[in-house]
Every structure is written in structure tokens, then in C-alpha cells.
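One chain, chain A, appears in both complexes that follow, with chain B as partner in the first and chain C in the second.
This part shows the complex of A and B:
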């Protein structure tokens, strides 16, 4: 029960922050508030025992998406601090009525939902879904982290197409924003002249990158996996680019490489599926990778697939940042 | 707590999800600034994330990473008062014959300790499925937000503004000019 109270308290913070985000006239303030909102959300996921989700939220919500929003604000011509909405916030009565009515209908719908935490709720007892994952995943794959097993093996198809969606988003951003322009000029950086930023970046970035790789490869044993690790790797690049400037970052990691990497990750994922087919199994049924010991086959398949996901996610995030940040 | 209050508390997470979605929906309809609309969509999405993860919660459960019986027992023994040699016997028994044998090898415990140990040994897992769906959804949501922002940037380049009503006015004027 105490856990629940902590969650409810944090949820209250989140709702207040959300109202602040919508009411803030300065868009920069709204973006930073949204980052705080995500960070509190990561705490909520931790309190609800969803560590994999918390890891992703902390890297994506509090890091990458805030930077993307600020990048977009700069690119849409609004200088930092001056990116105000035109009108003073006033209540739009029609929108409020629509939101309240829809909300009331949804809240009415929740009255029939089972209580939160009820172990006999239908989502927890279906024998072929959650019960199967919890009771049999260890036996079938010898991998302790059920989230990774469900992600990479039981719902492998789903995850493959999620990876494709991420890849397609990068394609969309490239089509919209990539121009034939000269490579980024080393802009007169203000950050590069600040010793504290430079020294801290030099000290943290290697650890961020090492941690990202660890999270990708150890997803089977603890919280982690390709999605979480991929965004952490990208966050390392983003920190470097922020302090040393985009030109230096692109010299260290040429956009050509990330373009190839984004596609290669999807190819690795699908390739594992095809390899299973060629070895006589079903698409993405990793048992076929090691006929003698299906659990070993599962582990091999999951590791490869997670590597593919990590590569695609990291490269896509870097590509998106490059395109949005390019002046 | 009265029955009604318990009932309300049990559904509180769901109402937070409804509130967040509606705050997002309000921003999408009421705000003319396109970046603000994108932010509204993002709030709407996180409301749904809360809905999913709340459904996966099981009271008193731990994160869905499998603990072996021996690991569970070791944690349980560290939380109760028990003689070292009996703890060693129980740990040996769990490797051989499982939790029930270990519990027998441990012998009688103080009632409070026994209850705490049994609770730790039988601790369920939260539902992993919503976690999987939402952690991929978070990464997808930032990717789709990037596409939306890219479109907003192109709109700025084409119209010189990111206020939706000014864009409509500009479009109407272009149409009027083309007709006359």
C-alpha cells in the first residue's frame, strides 16, 4: 500500500507538470517542463516495478526528446527565450468541453476495470499470454529477464516491425530535412570554450557509451536490451555534439556510417529470421539455430536480434538529431 | 477505509491516465502553435503508457526477472532471524530438492519471521507484457515526434509561421488571389 501512495503522489506531480506544459507560453519552458515530466514518469515506472520501461523513459523522454524539441524551436526561427506563443493563454471553451466530455466517457469506462494490483485480473491469468511468459520462459529459453524474452522471442514479429517503424521515421526525417549542403561548419562554439563542460564531457562520454553497450548485450540477464541501450548510446553522441559542436561530432561519427547502420540493424533482425527459415524452423523461431539445445538457440537468436535493434535505434536517433540540429 | 474510498483508490491510476490524455487532447485542439500541438500529442501518448503499465501491476510483486529458488531463499534468510547452521542446511536442501524441502530443513521460526519468509518466497512477478509494449512504444513515440517536428520545420520554411490559424489565412488568401 505504501508503494501505491508513492505512485499516486508522483502521478499528482505529473498531472500538475502536464498542466504547466500546456499553459506555459514560452515554448522553451514547455520543452524543459516536458523533460521534467518524463523524468518523474521514469520514477513512476520504477515504483511500479517496470525497470526496463524506466530505463527507456529516462534516456528518451528526459534526454533525446527534449533536445529534439529545443532543436526544432531554434530551427523554426524562434530564438531561445523569445519562442513565445502569440496569444496569452486563455481557456478555449469548446476544446475544454470536448476534453471534459471525452474524459468523462473514458472515466465511466474505467469503472468496470479490475482494481489495480488485483492478481486475478484477466490480463494476468490468461494461460497463453502472461501466465505462459511468467511460468515457462525460464524453462524454454534459460533467460531470466522475461521482458527481453517476450520482446525478442515470443513477440519477435511485433518487435521487428517496431524496429521498422523507427527506421521509417528516420527515412521520413531525412526526406523532409536533408539537403545537399556543405558539411556543418565548425561554428564559434560557446560551450567548447568552457573548461568544465569539455572536461566533464571527455570524462562521461566513454562511460555512457560503455554503459549503452552493456545494456544492449546484458538485456537477457537484467533490465536492458536493444531499445534501451540504443537510446543510451545515442545520448552519448548527443552530449558530445552539444559540447564540441555538430561538426566535430560528425567528424567522429560520419553520417554516412549511421545511415548504413540504421538499415543494417533491421537487416540483422530480419536476417536472423531468414536464417531460422533456412535451418528448417519457422521465421524468427530461434529453436532452429541450435537443434541440439533449443534454449541455446533461443539465447543466440535473442542476442543477435537485440544487437540489430540496438544498432538501428542508436543510428536512427543520431540521424534524427543530426538532421534537426543541422542549421 | 470505507468500501467506496477503497474502490476509488483502486481506480486512481486510471483516472490519472484519463486526465493526462485529456490535457493532451485540449492542447491539440485549443493551441494554435504547431509545436504545442505536437507536445499535446506526446502528453496524450504518455497517458496511454500509464494505463498499460497500471494494468500490469500486481500487488506485492517484483520486477519480471526470474529469481531461482536458491536466490529467493538467500534473500529471505537475510531478512529473518535464523541460526547460521540451519540456514546453511536450508540452502543445501534448496539446491537438491526445491523450496519445500528447504523450508522443512529450516525448522520452526518465529511466527512473524515465518510469515515474512513465506511472503518473500512466494513473491509473484508483475506482468511483463505491458512493459514490452510500452518500452518499444516510447522509442517509437520519440521517432514519430521527430517526423512531426520535421514537418513543422518545413511548414515554417513554406509559410513563415507555425501558427495554424495564420497558415489557414495565408492559404485562403492564396486561393482568393488565384480565383481573381
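This part shows the complex of A and C:
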């Protein structure tokens, strides 16, 4: 584990950034600060060797969330330039009291908390939870990344609903924000007229897409999986759309495809579960997929559900961006 | 191969898969048809599950074949079997009959997404109710909340204020979710498990831990926000007023009930009597706000001009009754909560369906639009009248039975001021219900708003009258639900002195 003081220094940066977000009068500044907040958090997770969490935080928190927030600012026409107001924000006394009380309660709760990394902490010693995951996951599934086994198999039912939460977000955005007219072609003189952007995009997007696909399919072996990989795939689309314009991006990837893909991913996930059920197992009991070698069944099940997650996440992020970025 | 052992999983899977498929069909009529079929099927499944629970006792289903606490389990006992059947039953009545109302209030090209959201919301509520895992509960609460935010916002084509109502709901719901998540995180840190039954066993030795105490407090505050317990109830009044009417009918009869169920589950099953009521002052906290909710909610209801807002504030008061019963910490109080939970779901669902009929005919539901409608819309008016009497809790309605239990429970605990609050709340309910009935029956039609052209389609008043029949049956005969309710309340309060 990395030196303790590095984590503490980074945590101090997180606090300063959070205060900055609350005090910022300019929403663009606040959005960028939130991105920085997530990036520093990702560094902290890395220092704690929680690489799956770090990758998620970097891709979702620092990456796509920041882009979506900025997209929302553009769409709503909020003042994203400089604000003339220089006075300090007024602080609601009731809100302040509630916040202080909540903070004090949180601090009180830490008094009896085990120290970070304490090997005797309840979360590390529970025989049927943490110890089972650590001692038996390799034997039961032959998958080296324990985090993926917990997410996609032991707690696969949760992950199916998390995928469903992402799909629900897309449904909400479609039902509330979707407009019928196609996006306008960008005016000349925008980014696609600038050779550096165009060349850079042409060079990076294929690699971003390849990397996203890699992260989706290799969650069993290393950090990553459907959520992170799906977001990275979507980032490839976003970069393309930012430089070549939304109309060109939607010609390359028509919204009706991403609409279907968003639901299809959830159906793949639940479909794997139903297949297990039809083969005589319980819902999502991947052992049933390969009666001769249950561990192979587990691997197959996890690979398929991660594909479902990746498909839904990528399509939903693209959908939200499409609807939000259209002024 | 037989599907019988799979029923607990299917209860959640049928509406979930139907919701996702409906989101892809792009046809309004087909979306409605699929949603109706799925809701009726789900209701049948919950009934089968309830019968199995009554015959065999607790039903456990290990998701992914991993026995809890390694994996996630569904755990259905008398209490959640009842709530599952209630949620699915309300959906089975409201979804198939919603077509005319939805056609009037939601743009036609959004019906597929509308019904997809409704089914996902129902799946979320059923999942929350069926699960035996605390984190799984959180994920599913978020599904039912996210869908509800979008559904409330869909009321915007009738009234733009639906958007602010939805936004307010989103903010309050997210704050509630954050509190719940932090609380669960603290409890996980202290116990190392997320399974409810396992957590309950481990918490028994950890009553002194500040981490546990903080976790309990955060969970209770988070659930209060999600239930819309006074003083964090304003989002609900606005959401119920501006959402499409069928959404309000569904939410008012299911969402708050699921919130109360989760609170019972945490307070009694997971924390247990000692941690909830002896170590932590959960009872005093909940009782105080429940009493305030009853009085303030009822007073606010009396002042309303829009009938949907009136009913929404009445719901604020009803949540007070529900929380009051569970905070008494006795079998009597819990029985009161459970009977009230069923009865209020039936009555409020029926009232909002009846109000939906008025919105359909008159374009709105203020006192003006309801003036004298009894002459042209006798069945809708009858539904409003019977529902109103059920809200007051007059004898022969389920409301009478539940308030009887609540008063008896309060007196048993020696809390006579609480019993007085229940009675005062009922008197205030008399005031707002009589005012409503006076307008509906004795208002001069055509003076403040045009008289309705005629009775609304049967798809409005028939389900409303059906639900009210259920409420009256609940009041006349304790037999109908007596078995399950007595079993549930007895099992929960088992640890109580």
C-alpha cells in the first residue's frame, strides 16, 4: 500500500475541491471542479489498490459525468461564461445547521470504526462473505479478478438491476427531452475545420473504441468490466461528436440503434438468468450453463452479462449525450 | 421442469422484463396490452406466493444459486407476501384501466416509454419488498424512484408545474437515498454482511458501537425522506398534484406503503426491538413526527382548493398514522399499521381514480370543476363519497378497524395524548371530506364551471368501486386478512415485551 500521507494529502485536495464546488458562482467552473474531485478520488482508490473502483470513478465521475453536466449547461443556456457577481454566496442558516449536524453524526460514527486496512475488521473476516470471496472464488469460478466474480456472480442480481437503473435513466431522458427534429449541421469554422482536432480524433477514436471493447471483455482478468468499458466506448462517440458535429455522429451511429441497444443489454443480462432457470438452475446460477464443468459455466455467464452491461451502458451514455447536447 | 420453485424470482422478473420489452415496441396500444398482461400475471404470481407462505412459512430463494449471505436471497414471510400482493394487485387494477386517462394526459408517441417506466417502477417496488438483502433493497429503491421522477414529470403536458414537482422530488429522493446508503455503509462496516437476517444476528452484539448507532440514525432519516414523513413531505404533495392521474393513483396506493414496509423491516427485523427502541430513541422520534404529520397534514388538506392536492395532504396525514402504529412497538400498533396500509392503499387508489374521471370530463379537479357533478356523474360521485368515508374511518370501512387498533395500541402503551391525536386527526378528516362531499353533491352545477357532459367511462369508476368494495370487506370482516396480518404482526413484535 502506498504511503499513508499521500492518501491524506489527496483527501485534503478532495475537501478543498468540494468547498470550491459549493462556493463557485459559475456553473461551468463547478462542473470542472467536480471532474477534478472525481479524478482525485480515482487517485485515492488507486493508492488503496481498489483498481476497479478507480477505473469506474475515472471513467464515470471524471469523464462522462463532467461532459454531460457541461452539455446540460449548453442546452439550458445557463451562463457558462464569467459571472459578474463577485459577492460571496448567501448561506442558508437552516441548511448549514443540517449539514453541520450530519457531518458531526458521520464523525461520531467513525469513533468505533476499524482502521483502514485493519485485517481483523468485520468486513474482512466474515466467513461467508469476505472470506468466501477471497478463499473460494477462484475454485468456484476459475476467474482471477475477484471483484468481477462478486459483481457478476455472487451479487449478479444486484448488478442486473444496476444495469436496469442505467437503462431507466435513458428512458427518462428519452421521454422528457427527446425532440423530433434531426440535429443541425455545424456551422463552418467549428472544430471540424481545424486540422489538429480532426487528425487527433481520427487517430484516437479507433483506439478508444478498441480499449473500451477490451475493458468490457477482460473484466474477468483485470480491472474493468461492462460499466467501465461501456463508458469508454461512449467516450469515443462523444469525442467524434464534439469534433465532427452531432449530425455526423448520428449518421455514423443512428439513435434508433442505440435506443434498441440500451434495452437489449438488459435483456441479454436477464436472458442469461432465464437461460440458467430453463436449464434447471436458479435465476443467474451460471453453473447450469455448463453442467459438466460449472466453473466454465460461471465464466461463460459472467462474460455474457458483462457484454450486456457494456452494451446498455454505452448506448445509454450516447443517448443521454445525444438528447442533452442538442441545443 | 417445473416453475413452481421459481415463483419468488418471477414476481420481480415478469414486470422487469415486460418493462424493458415495452420500452422497445414503439406502439401505444401494444405497450398498454403488454403492460396489462404483465401486471395481471404478476398479481397472480404474488397470490400464489402468498398461498405458499401461508402453507409453508417463510419462502427463501437464493439468487444465482449462492446461499445467503454469500449471495443475495429473496425472503418472503407473511408481512412481505401481503405487501407484494397489495402492490401487484393495485397495479393489476390501475394499469389495465388506465388507457383512456393516459391517452388524455400523456402524448401518444410517449405511451410505450410511459408504460415501460410504470412496469419498471412496479418491478422496483416488488423487488424492494421481496429482497432479503439490504444493499439490493437500495438498488431497487433507486429503480422505483428514478422511474417515479420521470413519471411525475410526464404530467407536464397538462401542467408545466409537474417539472418543478419532479425536480423537487428528485432532489429530496436523492438526499434520502444518500442517507440510506451512508447508513447501510456504516452497518456493513460494523457487521461485514449485507444480508438482513445475518445483519440482525450480528447487530445484537454491537449495540454499543457508535458506528452502528450512526448507521441506524441515517437509515431512519433516509427512510423518512423516502416515505415523505413530516416535515420532509412537501415533495409528495406537489408530485401527487401534478403527475398524470393514473401515476398518482398507483404511487399513492403503493409507493408510500412500500416505504412503510421497509421501515418496519429495518426497525423490527434488522435492528430489533432493543436497538430500535431501547438504545436508540427511534420510537420517540417517529411518534413525534407522526403526530405532527397527522395534525398538520389534515389541517393543510382542509385549506386546499385542488382536490388532488387535498388528497395528497390527506396522504401526508395517513403516513402519520402508518408510522405511528409501527412506532408503538407492539403487536396492536403493528396490526393497526398493517390494516391501515391495506385500507389506505385501496381507498386512496379509488379516490385518485375517481378524481381522474373528473379530470377526464372536466379537464381539472379543483373544487370548481367538482361542483355539483353528482347529478351527471353519479358513480364517480359515489366513489368519492365512499372513499371519503373510508378516509375518516367510519364504522364498516377498513379505516375504522385500523384506527381502533391504533387508539387501543396507544392506550396500551399509556400514551393517551397519541390516542387523542388519532381522534383529532379523524375529526379533521371529517372536515375536509364533508367539504368535498358538500361541493360534489350540493354544489349548484354549471355555476362556476360547465357541467360535465355525462358519466366518465367505466374504466374510471369500475376499478374505483372495486377497490372500495375491498376496503368495505376489510372493515366488515376481519377474516379476509386477519390470518396473514395477525401472523405478520405477531411474528414481528415477538421480541417486544
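Throughout what follows, the second predicted complex is superposed on the first by the 307 of 327 C-alpha atoms of A that agree within 3 Å, B and C clash if a C-alpha of one lies under 4 Å from a C-alpha of the other, contacts with A are read in each partner's own complex, and residues count from 1 in each chain.
Here, a residue touches a chain if its C-beta (ideal position, glycine included) is under 8 Å from a C-beta of that chain, and two chains touch if they have at least 3 such contacts.
Every value quoted in this text rests on a predicted model; they were computed, and no experiment measured them.
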Fit-or-clash call for chain B and chain C when the two complexes are aligned on chain A: fit
Touching partner for A:203 - first (chain B), second (chain C), both, neither: neither
Partner chain(s) touched by A:284 [first = chain B, second = chain C, both, neither]: second
Chain B versus chain C as contact partner of A:292, first or second or both or neither: neither
Partner chain in contact with A:176 - chain B first, chain C second, else both or neither: both
Touching partner for A:231 - first (chain B), second (chain C), both, neither: first
Partner chain in contact with A:113 - chain B first, chain C second, else both or neither: both
Which superposed partner A:11 touches (first chain B, second chain C, both, neither): first
Partner, of chain C and chain B, that touches more residues belonging to chain A: B
Touching partner for A:65 - first (chain B), second (chain C), both, neither: first
First (chain B), second (chain C), both or neither touched by A:45: first
Chain C versus chain B - closest C-alpha approach in the superposed model, Å: 5
Contact residues of chain A, present in both the chain B and the chain C interface: 106, 110-111, 113, 121, 123-124, 129-130, 133, 155, 158, 162, 165, 169, 172, 176
Chain C contact footprint on chain A (complex, rising order): 105-106, 108-114, 121-126, 128-130, 132-133, 153-158, 161-162, 164-165, 167-169, 171-172, 174-176, 259-260, 263-264, 266-267, 270, 273-274, 277-278, 280-288
Interface residues, chain C side, partner chain A - complex: 1, 6, 9, 13, 16-17, 20-21, 23-24, 61-66, 69-72, 110, 113-114, 116-117, 120, 127, 133, 135-136, 139-140, 142-143, 146-147, 149-150, 153-154, 182, 186, 188-194, 198, 202, 208-215, 217-218
Residues of chain A touching chain B in the complex: 4, 7-8, 11-12, 14-15, 18-19, 21-22, 27, 30-31, 34, 37-38, 41, 44-45, 48-53, 55-57, 60-61, 64-65, 68-69, 71-73, 75-77, 85-87, 91-92, 94-96, 98-100, 102-103, 106-107, 110-111, 113, 115-119, 121, 123-124, 129-130, 133-134, 137-138, 144-147, 149-151, 155, 158-159, 162, 165-166, 169-170, 172-173, 176-177, 222-223, 225, 227-228, 230-231, 313, 316-317, 320, 323-324
Interface residues, chain B side, partner chain A - complex: 7, 9-16, 18-27, 29-33, 35-36, 38-40, 42-43, 46, 49-50, 53-67, 124-132, 134-136, 138-147, 149-154, 156, 162-163
